[in-house]
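The two complexes that follow have chain A in common; it is paired with chain B in the first and with chain C in the second.
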Partner chain A sequence: MNWTGKRLPRLEDPALLRGEGSYTADIAIGARAVRLVRSPFASGRIISITPPAEMSAGALLVTGRDLAGLGTIRPTLARFNYVAIGQPILPVERVHFVGQAVAAVIADTPERAEDLAEQVMLDIDPEDAVADLDAAMAPGAPVLHPEAPGNVLVEGQLRQSGCDAAFAGAAHVVELGIRSRRQNATPMEGRGGCATFDRATGRVRLTASCQMPHMLRTGIAELLGMPEADLQVVAPDVGGGFGQKMALFPEYPLLVWLARKYRGSFAWIEDRNENLIASAHSRDQRHVIRGAFDADGTLRGLEVDILSNVGAFSCYPVTCGVEPLMAFAEYPGPYKVPAYAARARGITTNTCVMAPYRGVSRPAITFGMERLMDRAAAQLGIDRVALRRRNLVDSFPCRTAMGMTLDDASYIEAMDRAIDAADLPAFRARQAAARVEGRYLGLGFAVFNERTGYGTPAFAARSMGIVPGYEVVDIAMTPLGEIEARIGASPHGQGLRTALAQLIADRLGVTPDAVRIIHGDTDRTPYGWGTFASRGMVIAGGACQIAADKLADRLRVLAARMLQADPAGIVLRDGQAFAGEASMPLAELARLAHQRSDLFGSDVADRRFNLADTASYDPGGTFSNACHLAEVEVDVETGLVRIARYLVVEDAGRLINPMIADGQVHGGVAQGIANALFEEIIYAEDGNILTGSLADYLPPTAAEIPDIEIIHLETISDASITGAKGLGEGGAIGAPAAIGNAISDALAPFGVDITELPATPARIRALLRGREPTP
Partner chain B sequence: MTTQRITLTVNGMTHAIEVEPRRTLADTLRDQCGLTGTHLGCEHGVCGACTVIVDNQPVRSCLMFGIQAEGRSIRTVEGLADGATLSPLQQSFWDHHGLQCGFCTPGFLMLATWLLERETPIDEAELRHVLSSNLCRCTGYQNILKAVREAAKGLGKWVESAPA
Partner chain C sequence: MKPAAFDYHAPLTPEAALALLATHGEDGKVLAGGQSLVPTMAFRLARPAVLIDINRIEALNFCRPEGEVLRVGALTRHARFETPVVTGPLGLLLADVVRNIAHTPIRSRGTMCGSLAHADPASEWCCTALTLGATLVAASTAGERLITAGDWFQSIFTTALQPNELLTEVRLPMLGSGWRCGFSEFNRRAGDFALAMAVVALQVEGGVIREARIGLGGVGATPILAAEAAALLVGQSPGEVVWSEAAERAATCFEPTEDINATPEYRRDLVRAVVKRALRKAVAT
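Take a look at the complex of A and B:
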């Protein structure tokens, strides 16, 4: 039986479908409720914090003064002129953004904690705030952190030797400025945690809706100066994360501190307003891109200037370099760029902290590169497909301008498949006919690659103080024959339990339901990193495969002893070990291995008494790729965009569970469409946030998301031992560029194109105002 | 805050409880009836994660007080399966990968259960219209739509839309 490649329904689902999942808020029932009092000002000096006149019995108010002596959240980066700044758990002197927690009220129920929190009197002396890139970079702008005059927290700079010559000798220089507005990842379950003190052991168990439980444990223990071994972090069912839940947020150490100090159980369950204003934001970037082209359309040089608004502090552990430095390193994407120059800066402002969100910088850089290609095609009078074909990397492996190795992929094939499926001539005919009727159709596409499944070498190259990357798996067979795999990675809704069980089942000749994947608990799993950066199937999957092979080898040795055969000739299949015609059930072998080890003794050289092994995997990384194609209709009277067709041709190598893979693409594309058309976190000039509810911040519904067609290509690369490349993020990466290009195509008769996301009706109307179409 | 004694009928079972009048139905179900399958995604009535069925109507349980539900018939996700057997809709969600993180799922299941129990047949436009009441962040809605569509077909409730 081959389980890999099957559309197996998920092992996770029955409990979730019955309402029997266990999310953080479910576990928190009965704990004392923590309500945070958050700053109404973007910048200011804290004068005093006065408790409510009448605190109910057992209620508490905690401020930064109570936490004196504790550390600050202060991730580091050893390069790129990084300025390390510390974020206090609760501030004592100053507030830095609207929504920053300044005090905590604790009561017996969430309602009473909210009542009391409303009565806390904050006396804050407001100061001038800088809420956007321009304000923060203006001469004489207020400085957020004295360590960073000019408000620059990180800066990468590079100019390759051939760059000047490439631009000097270019037949055409094509230039473009793009703006990506701020987004919130908006998992349906917000953040939340429940910390419980165990009087018998003196330990604390923190249940938290998080993506990186091990890292959270280390970070909290360090901040609080407590033994890490006295803290257990559990990620139960997690209701989505998309990167937002990677970070160490101040609320979690606060909960652990409370549990230890008051020897009880304390829970904070974020509400939607808190999630929108105070969790983490992303994608607030501005790029200027210049391409030097030969007359025939060959790209000779690329120059980019990247600004990223990283908010008031630096997210732990990846730092505020995560967006600007990814754009810096990966801008050329799938294109041959012989000479590259880049400058990338992370700018601090009085806004919510930036953290990774599905795709991180790639949605913005793909938007930049693919808009540049369409502009260049128009400027040079070359067909868009032909221009890309001329410049896409077409032989592998290929070393990029930044020294990364592009492994086997299908950049041109993916584009060709998408273009074939789109039937361009038929579309052009429909487009022309529609224009006569005053209707504006457009077709756009985006080609991109995505570095996925990268381990420590890639993170180490960024010089992060904390270098994530490897994953470890402990695998064991119980005496009754079930397989347990304890993984350091921690999924948050992707279906990893099912897909990893499929991989393991094939190596051991069992069914996936005989495999238990144990995750999300620092007491029960080996140290590991988590699910982010499209790495789960590649790295945790690779480690599971190696671990399963080791266990299989061990089973073969034991079976060989019992069946009096050569281990090399033992086949594991259908829950049995076969030596030719002879066989025995694996469960029987497992029982003997544990309970009759005397049978093996001297015949098994290493005299090991258990059926367990451990494996790790730490690959250098691979590159997935895709072409997204969108057909849109723009109502030029209202500026509304309707997506008529959406097609993805994607190549993520071998698909372990194609059904789950499709689901990842669907969800990513929906978030990419949201990025392209709908979602925007907006701050007023004074740093007040204007999008604090789901009535203002607009995730799309089933009415806005069209049918999404998917064509899979499977280029197998030896950069991943399972053959799988990561695909969690790709959907979100391609959509803004494909839709931006499609709208631009639709509006070409008006002489305008899209450079700012989301392309809301107001923005499109602003572009069109006063313009008439040219026939 | 004073409390009030009420009896709620949820999935055919009665729960005699004491609640603050201001406590929402969602919090009452979760905290006092032990039914944590109903999830809170926004508490503003926008996301629909907390949808339950009250007297045969889908209701945002974050916008209704627990005491308002006294004397009514409340149905939550915990009442959908018949013992070990999932409802046809639940089974369809499983078969068609209609969920990922599972947080919005109970709300979609209750909304779609109501849709499938109506007398009127369902076409694509009606399906999209009704399901656009709720938010999902993982699935891009593709497989939720498919799961409900296939369940409707299985129940003989589906009609193909007239060609445009």
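Take a look at the complex of A and C:
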């Protein structure tokens, strides 16, 4: 039986579907409720914080003054003109954005805590704020952090030799400015934590809806100056994270501090308004892109200027460099760029902190590159497929302008498959017929690659003070023959428990339900990083495969002894160890190994038969790739875009569970559609946030998401030990570009195209106003 | 997002409800379907001291034609209108409109009278009631008042209803033969509050429009009648040219709201589109 490649229903789902999942809020029942009092001002000096006149019995007010002596959340980066700034757990002197927690009220129930929090008097002297890039970069703009006088927190600059010549000698220079508006990852479950003090041991257990429990534990222990061993962090069922839950937020050390100081149990469960205004935002970027093309369409040089609004502080551990520097390093994507110049800046403003969100900068850079390709095709009079074919990387491995290695992939094949499936001639006929009726159809596509499954070397290249990367797995077979794999990674809804069990099951000749994946608990798992950056299947999966192979070797040695055969000849299959015709159940071997070690004489001493092992995996990274294709209809009277067809040709290498892979693509595309058409965090000029509820911030619903067709290609690269590449982010990366190009195609008769996301109906109408279509 | 504390009453008769309203006045708030009130309370934008839950008052649960009007009681849920409640153009219009009100769970709980009392500028029922010239029945311990829809809507979330009064029923005119109605609205996602909507009612005889009404919603503090635009249609034969003229007039006959969803200019674009589409639908039915 081969479990790899099977559409096995997720082992996680029965409990979740029965409503028996255990989320942080389920675990927090009985704890005292913490309610944060949040700043109504984007910038200001704190004069005083006055508790309610009538605090109920047992209620508490905690302010920054109570936390005196504790450090700040201050991630570092050793390069790129990075200015390290610290975010206090609760501020004492100044507030920096609307929604920043300035005090905490503790009461017996969340309702009562909210009542009291309303009555806390905040005396804040408001100061001028800067909410957007232009305001923050204007001469004489208010300065958020004295360490960064121009509000620039991070800057990268590069100009390769040959760039000037490429532009000077270009037959065509195509230029484009794009803008991506701010998004919130909007996980179904918001953030939340419950910290419980154990009086017997003095330890605190923090249950938190997070993606990186080990990192959280280290970060909190360091901030609070407590022994790391006194803190256990548990990530129970987590209702989505998408990168938002990677960061060390001030609320978590506060909860642990409360639990230790008051020797009790304290819970904070974020509401939707808090999630929208005070968790983490992303994608607030502007790029200027210039491409130098030969007359035949060959791209000779690329020059980009990237501005990223990173908010008021720097997110821990990845820093506020995560967006601008990813755009800086990865802009060329799957294209051959002989000469590259880039400048990227992260600008601080009086807005919520930026953190990674599914795809990080790739949705914006793919939008930029793919819009550039379509504009270039139009300007040069070259078919847009042919233009891409000329410029896509077609021999592997390929070293990029930025020194990354592109491993085996299918950039051109994926595009060709998508174009074939689209049936372009038929579409063009429909498009022409529709235009006669005043209906505007458009077809667009986006080709991109996605750097996935990268370990320590890639993160080290970013010069982060904290370098994530490897994953460790401890595997063991119990005396009753069950397999337990303890992973340092911490899935938050992706189905990793199922997919890893499939991988391990194949290596050990058992069924996936015999394999338990234990995760999300720092007491029960080896140190590891977590699930983010499309890495879980590649890295934790690779480590599981190595660990399972080691365990299989141990089982073979044991079986060989019992069956009196050569270990090399032992086959593990159907829960048995076979030596030719002879066989033994693995469960029986396990029992003997643990409970009858006397049978193995002197070998017991060197533990050769101990059925436990450990493995780690730390790869350099592998690029998955895809081509997304969208067909849209634009209602030119209202600006509304309807997606008529959506197709993804995806190459993520070997698929361990294609059903889970499809689910990742579906969810990613839905969030990409949100980015393309719907979601936008809006700040007023004074830094007040205008999208504090889901009545104003608009995630698409089932009604707005079309059926998504998926074609999988499986290019097996030796950059990943399992052959699997990451695909968690791809769906979100391709959709904005494919849809932006499709709308631009639809609106071509009006002489306009899309350069700003989301392409809302109002923005589309603004482009069209006063314009008539040319036939 | 937990509501502030409140007292709760669930009277069983209209009289008991009115007595509670008389006692609590400004502090009291009537809970019918709760689809607007409860979220508003969760955000603490509304913090009534006393909730008067009318859901157990069976006497308010009715929807029946009587003479020239359709009488809709305070407990009639939106979903009731999904299949026509009366034969003729009124039942068809209400069935068309109701499909645009939010989503199924909300329609199964929210009420027509609740929407009229809440007076959200983007309420489909408010726009419909104004366009058709509905009459609203406000009851208090002192008796009943009949209020025309034109007098009912005063400002955003503000109606002629007094704090001691309960909206017990709305009476919609049964549209006779020759009337044709149409509805169109624009929103970014299915079920969202509309950025603009139009209800039109035309009486067509012998291929000529004898009477016309055009109501707009979601574009100002209250629903409004685009009377000048409607007047352009009277005496005309239905068709694209007159539709465009009326839509153009409708788009310029009001001062649009500006918010994060739409500039005034964009709202006028949307009114142009929805008026034309509602008119087309009216003659197509």
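Here, the second predicted complex is superposed on the first by the 767 of 775 C-alpha atoms of A that agree within 3 Å, B and C clash if a C-alpha of one lies under 4 Å from a C-alpha of the other, contacts with A are read in each partner's own complex, and residues count from 1 in each chain.
In the analysis below, a residue touches a chain if its C-beta (ideal position, glycine included) is under 8 Å from a C-beta of that chain, and two chains touch if they have at least 3 such contacts.
What you see is a predicted model, and the numbers here were worked out from it, not measured in a lab.
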| item | value |
| --- | --- |
| Touched partner set for A:Gly469, first chain B, second chain C, both or neither | neither |
| Contact breadth on chain A, by residue count: chain C or chain B | B |
| Chain B versus chain C as contact partner of A:His666, first or second or both or neither | first |
| First, second, both or neither for A:Arg272, with chain B first and chain C second | both |
| Contacts of A:Ala762 with chain B and chain C, given as first, second, both or neither | second |
| Touching partner for A:Phe678 - first (chain B), second (chain C), both, neither | second |
| Which superposed partner A:Ala703 touches (first chain B, second chain C, both, neither) | both |
| Partner chain(s) touched by A:Pro14 [first = chain B, second = chain C, both, neither] | first |
| Chain B versus chain C as contact partner of A:Gly488, first or second or both or neither | neither |
| Touched partner set for A:Glu189, first chain B, second chain C, both or neither | first |
| Where chain A meets both chain C and chain B, residue numbers | 110-111, 271-272, 693, 695, 701, 703-704 |
| Chain A-touching residues of chain C, taken from the complex the two chains share | 1-5, 43-44, 186, 188-193, 260-263, 265-266, 269-270, 272-273 |
| Residue numbers on chain B that touch chain A, as the complex places them | 1, 20, 22-23, 27, 30-31, 35-44, 46-47, 49, 76-78, 80-81, 86, 90, 93-95, 97, 99-106, 109, 128-129, 131-145 |
| In the complex with chain B, residue positions of chain A that touch it | 9-10, 12-14, 16-23, 25-26, 29, 110-112, 186-189, 237-240, 242, 271-272, 492-495, 659-660, 662-663, 666-671, 693-695, 699, 701-705, 707-708, 731 |
| List of chain A residues in touch with chain C within their complex | 110-111, 114-115, 118, 271-273, 635, 637-640, 678, 682, 690-691, 693, 695-696, 698, 700-701, 703-704, 760-762, 765-766, 769 |
